[in-house]
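Next come two complexes, and both contain chain A; in the first it sits with chain B, in the second with chain C.
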Partner chain A sequence: MAAAPLLAAGRTCAITTLNPLAKMIRLPEARGSRLAPLTGISADALHLWSIPLHTSKSQVAQLREVLSASEREKAESFLLDAQTQRYIVCRGAVRQIVAGYLEMAPKQLSLVNGKFGKPQLEHQDSLWFNITHSGDLAVLAISTIGEVGVDIEQIRPIRGLSRMVDRCLAPGERPDVLRLPAAEKDRQFLRYWTHKEAYLKTFGVGIRRPLEKLEIDLTAPPSRRIMNHFGHFPDELAASVTEFCPAEGFVGAISVCGSLPADIAAQAWVGGRFRAQRVG
Partner chain B sequence: MTSDKSATGATATAEEIQEWMVAYLARELDTAPQSIDVTAPFETFALDSASAIGMTGDLEQWLGRRIDPTVVYDYPTIEEFSEYLADQR
Partner chain C sequence: MTPAEIREEVLDILRDIAPDDDISDIDDAKPFREQLELDSMDFLDIVMELRKRHRVQIPEEEYTELASMASTVAYLEPKMKDL
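Showing the complex of A and B:
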C-alpha cells in the first residue's frame, strides 16, 4: 500500500517552487473515478501530469485507436507484450492530454521525432511537452515557457553502483553519493541521474553526451543547478532544473529552457475516460 | 582503464559477445534467450537509458576495456554491436 497521497485524486494543485527549500512538488495519485478537469494554459506555465501505465485491456484497445499508424507499428515492434501496452497507454494519454490543451482531437495531433528521437509537436512554437516513464508510471510535462525535459526513476538497487557513479557523475558529485550509507546511495545517485537526463532531454539530446562532464549542484536554486555543461558554463543553453516527487518510491526532475514559473500545476490522468470528463 | 587482461571476456569473439548480450538481455527482461532477436533494433527491447548504460558498464567490465556509450546508436542491433566490439580488440 502506497503512502497516503498528499492531494485528493483528480485535484489540480499548485505549489510554489521558487524557493528550492520549499516543500517538494508532489504529483497527485491517479485513482478512483474523479478526474482532473482539463484547464487552459496561460503563458509561462508548466504543468505536470502523472499517468499510471497499468490499465485494463479494453482501455489499452481504446487508446490504441488514437495512435498514428507509425505509433501502432512501433507499439507492435516491442519484444514483450507488457512493453507494447505501456507504450500504447503512454502515447495514447499524451495524445489525449496534449490535444486537450490545443482543443484538437487526439488523433489529429501531428507528433514528429526530433533529430535524436525526442517526440514533439509539428508546426507548434508555443506549446512544448516531454514524457518520461519508469516502471508502471509515466509523467508528462507541458510547457508554454520553452523546451522542456522531464525524467523520473523508480528508486531501486542500482547494479554495479560504483561503476555507474564513475561513468555518470562528475568527480565533484561522486562523494555526495559515496559518503552515504548503502541504503541511501541508490536514491541519491538517481537524483543526480534524473537532473542530468531532464536537462539533456530539454535540448533533445538524451544521454548521448558524456554524463560525467555535466555537473549538477542539487542544493542550488533551479536556475543555477547546472554548474558545468560539457566544459561550457551553461550561459548559452540556460535551463532551470528542479526536483519533484512523482509518487512514493520515485524521484523526478524537470528542466525548462528559461525560468521556472512560481507555480507548477500537478495533475493526474486516469485512463480512457478523460475526455468525457472535460470541464475546463 | 583501457585494457585488463584478467577480464574474462578480453579475447571474446563476436559470437561470444553476442551470446553474452543475449543472455544479459534475457535476464534483464525476464524472458527466454531464444526470444531475443540479434538483428532487432535495441529499442525493441525497450530498455530505459539507465539500464542501457548499466549494460554497457557490465559489458566493459567483462571485456576489460572502455566502450563509448554512444556507439550503440551507430550499431543498433546485438549482431552489429558485437561485431563492432570484436573488431575493436
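Showing the complex of A and C:
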C-alpha cells in the first residue's frame, strides 16, 4: 500500500520550543486525523503520538494479535476487563507506531524492560520511545535525539494533596501550589508531577528517588527547568523538559537527553485507519 | 499485627486507592501492577497511607519490596509486628 499522507493541514502541531514562553504544544484530537509518514525520521526528531485507549472490541481483538506472548499473558492478568482492553490497545498501538518507524512488522518488534522496568527497544541505539497513560488516553514519545521520558495526568482531585505536596515537591516549589485557590491546586501539583516523572523516566528510574530533592522551575527554558537534581545543581544540560497539553483536562511533560528540537511533531493515532494502511 | 492482618490492611488501602477494582481476586504472588492499574502516584499513596495509619517509614530505595502482596506483607511484617 502506498505511503500514507501527511497529517491533514492544521492537524500537525509543530510548535517552536526554543522560546520558553512559546505557546504550549497541544496534541491533535484523534478523530479525523490521518496517518503521518513513519519512515525517514530526521536525526534530531521528537514526535508525540496521542492514543485514545477506548476502542471497539474488534479493534482490541486485532491489536491483541500483534502482542508478544508475554504481553498477552500480562493483558489477561488484570482484574478488570477495561484494564485489559486499555493495556492491549496501548501496547498494540506502541508496536504499530514504533514498528512503522523501523519498517518492521509490529509483532517482530523486540521490546525489553530496562533495569527499572522501562520498556525499550532491544539492539537499537538510534530510536528511543516512552509511553504514558492516564484515564482513557495514552501518549507515546518517539525520539532520535536520545533517551526520552513522557508523562501525562488527567486533572483530578488529588487524594491527600497536602501530604503529596510535602512528599513530592521541593520546599521552594510548595508555595507555588499552596498559594493557589483550591480549584487550581490539583492542576499545578500535576504540572510539577508530570515534569518530575518525565525527567525521571528519561533515565528509567521512576520514583525511586526522593522527589522533593528534584527541583523544577516551571517558568524556565526547557534546558534549565531542572534546577536541582538530588542535591546536584547541574551546570551542564542533562535533559531538557517542557510541557504540552495532551487533551482538554490533561497536563503533560516531555523530557529528552540533550536539547529539545525546534519543533516537536504531535500526531494522533487512530486504530482503524492506521491498521488499514500499515498492516491490513 | 499478624501477616493476615497486615494483608487485610493493605487490601483496605488498595480499596481506597482503586475503588473500581475487585481486589478480592488479587493473586498475592503476582505484581500489583500486573493486576491493577496502579500508577506511580497510587504507589506513593500506598506508602503515605501506611505512614499515616501506622507510622511505618518506607525509604524510596525499598519501594521495590512492595511489588506484590506477598512481598509487601513479608517486608512489612517485622515493621508492624508490634503494632
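Remarks
As a convention for this text, the second predicted complex is superposed on the first by the 250 of 280 C-alpha atoms of A that agree within 3 Å, B and C clash if a C-alpha of one lies under 4 Å from a C-alpha of the other, contacts with A are read in each partner's own complex, and residues count from 1 in each chain.
Note that contacts are C-beta pairs under 8 Å (C-beta built on N, C-alpha and C of every residue); 3 or more make two chains touch, one makes a residue touch a chain.
Everything quoted here is computed from the prediction, not taken from an experiment.
Once the two complexes are laid over each other on the shared chain, residue contacts for A:H54 go to neither chain B nor chain C. By the touch criterion defined above, A:R179 reaches neither chain B nor chain C.
Of the two partner chains placed by the overlay, chain B and chain C both lie in contact with A:R163. Comparing which residues of chain A touch chain B with which touch chain C, the overlap comprises 77-80, 83, 86, 134, 153, 158-160, 163-164, 167-168, 193, 197, 206-208. Listing the residues of chain C that touch chain A in their complex gives 16-17, 20-23, 25-27, 30, 34-37, 39-41, 43-45, 48-49, 52, 60-61, 63-64. On the side of chain B, the complex with chain A involves touching residues 29, 31, 35-37, 40-41, 43-46, 48-50, 53-54, 57-58, 60-61, 69-70, 73.
The touching residues of chain A, when paired with chain B in their complex, are 77-80, 83, 86-87, 133-134, 153, 158-160, 163-164, 167-168, 190, 193, 197, 206-208, 211. For chain A in complex with chain C, the residues that touch the partner chain are 74, 77-80, 83, 86, 134, 153, 158-160, 163-164, 167-168, 193, 197, 206-210.
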